[in-house]
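Each of the two complexes below includes chain A, the first together with chain B, the second together with chain C.
After this line comes the complex of A and B, so read on.
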């Protein structure tokens, strides 16, 4: 199963690279869909069916919104050559990424190997969760009961974002003479 | 360990998109890639070999479950991620209507 996950992740990386380098914005968005739906299959393989369902809905929604944006604006990528002065950003970014990977490799030494995780706080949830919350699905039990305030905050963020989108799209642009 | 490194490679590709690209849509795609890789990383940490999905069945055979806590937290993150992506796309549409381009360099030059 680990081999399958590695193949899927390589496919997702290929899709991500093409999404960022494509000359046409529509094909960039479509290959971004490869990453999202690959993630869905990864969640199914990793025994997280709730997440897979949510991710399918979210991915379809994001793709539809992105394609609507591109159809209403333009699908051409910027063609002009990059001026020489921005090469410094490439070098800085490369240094940052190398440093980041090094820090990551150091910090994952303390983690347990893949598949050998031991539940600490979740032991209590697994043992008594179904009795305490009355929910057969432990994930929804944690989301809606043990971590209810987090869900309240999430709904607040969702509401704020929707209000923001409506405000931005309805606002009439200031007229200049 | 290979899976963790591949996951962070996906993160770095998204970071490259945010840092280097000049097109607003590409930058938004890069941010979404970063978010997806972090979600996958958290779920990979919580996986237990041979574990089942954390749903208690009537005829339980006493098998082990994968960790439900990261799954619950990532569920929250996915919903927040789609909210932020939608907001960013709305801002991008407004900028295009005002300036007629997705190029952030040109948007920076055309002040006022």
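After this line comes the complex of A and C, so read on.
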């Protein structure tokens, strides 16, 4: 299964890079979809159907909305002239990437193996979660009972986002009239 | 959109909406829950708006109902949590915010897990309302500026 995951992740990385580099915005959005749906397959392979359901719906909605935006506005990327001195930035970026990979390789030394967790908290949740919350779906039990404050914060963030978007759009619309 | 898209949307939007309701009702039993269900419900309405976009010009300037649902969702969530705090004092538990004060029931039954189904419904209302409000607001703005 790990090789399958690695192939999927490589495909997702390729899709993300193509989405950055594509001149046509529609093909950029479509290749961005590779990332999302690859993530769905990863979640299913890792036996996380909760996340997979949310991811597939959100991915479809985001793709549909972005394609609608592109059809209504423009398909061409704004052309920018690349200045001559960009090779300094390439070198800096290369050094940063190498350093990041080195630090990442150092920092994952102490982690446990893939698929084996050793966290005491999670073991406790898995053992006693169903008894303590009465919920068969352990994810719901954790999200809405043990971690209720987190969910409150999440939906407050969503509420704040909606209020902000409504404020900005309606202000602009009223000025326009 | 063409007639094919419209007919398929007519057939399929209802089942998508019902599946969202099913997921939110079974959120404490099977995979899913409030977030997934809210996205499904919002997706059904977004599909309708996308397919019938031409005929939806009579949308009002400021659609009120979807943001009302969204606000009611977050209010319901906070009221349930606060009510758990207050009622757990009366019922003799240790007073905790988000106290699961109802009876747990048998795990696996539809009416079980105390307040978790209620909170699931609140989260579903919030997420569905929020996604649909954002989408609708962009649609209304763009159609007004297009005129």
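In this text, the second predicted complex is superposed on the first by the 165 of 177 C-alpha atoms of A that agree within 3 Å, B and C clash if a C-alpha of one lies under 4 Å from a C-alpha of the other, contacts with A are read in each partner's own complex, and residues count from 1 in each chain.
Simple rule for what comes next: a contact is a pair of C-beta atoms (placed from the backbone, for glycine too) under 8 Å apart; a residue touches a chain by one contact, two chains touch by 3 or more.
Just so it is clear, the model here is predicted, and its values are computed rather than measured.
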item: Combined model on chain A: chain C and chain B, fit or clash; value: fit
item: Touching partner for A:95 - first (chain B), second (chain C), both, neither; value: neither
item: Touching partner for A:35 - first (chain B), second (chain C), both, neither; value: first
item: Which of chain B and chain C A:170 touches, first, second, both or neither; value: second
item: Which superposed partner A:130 touches (first chain B, second chain C, both, neither); value: both
item: Partner chain(s) touched by A:64 [first = chain B, second = chain C, both, neither]; value: second
item: Chain B versus chain C as contact partner of A:121, first or second or both or neither; value: first
item: Touching partner for A:54 - first (chain B), second (chain C), both, neither; value: both
item: Which of chain B and chain C A:103 touches, first, second, both or neither; value: neither
item: Chain A residues touched - chain C or chain B, whichever exceeds; value: B
item: Partner chain in contact with A:152 - chain B first, chain C second, else both or neither; value: second
item: Minimum C-alpha spacing, chains overlaid - chain B and chain C, in Å; value: 7
item: Doubly contacted chain A residues - partners chain C and chain B; value: 49-50, 54, 58, 61, 65, 72, 130, 136-137, 139, 141, 143, 151, 158, 161-162, 165, 169, 173, 176
item: Parts of chain A lying in touch with chain B, wherever the complex brings them together; value: 2, 5-6, 9-10, 12-13, 16-17, 19-20, 25, 28-29, 32, 35-36, 39, 42-43, 46-51, 54-55, 58, 61-62, 65-66, 69-70, 72-74, 77-78, 82, 89-90, 93, 96-97, 100-101, 104-105, 108, 111, 113-117, 119, 121-122, 125-126, 129-130, 136-139, 141-143, 147, 150-151, 154, 157-158, 160-162, 164-165, 168-169, 171, 173, 176
item: Touching residues on chain B, where the partner in the complex is chain A; value: 1-10, 12-17, 19-23, 25-26, 28-30, 32-33, 36, 39-40, 43-49, 51-57, 65-69, 71-76, 78-87, 89-94, 96-98, 101-103, 112
item: Chain A-touching residues of chain C, taken from the complex the two chains share; value: 23, 27-36, 39-40, 42-43, 46, 50, 61-62, 67, 70-71, 73-74, 77-78, 81, 97-98, 100, 104-105, 107-108, 112-116, 119-120, 122-123, 126-127, 129-131, 133-135, 137-138, 141-142, 144-145
item: Chain A to chain C touching residues, read off their complex; value: 49-50, 53-54, 57-58, 60-61, 64-65, 68, 72, 130-131, 133-137, 139-141, 143-145, 148-149, 151-152, 155-156, 158-159, 161-162, 165-166, 169-170, 172-173, 176
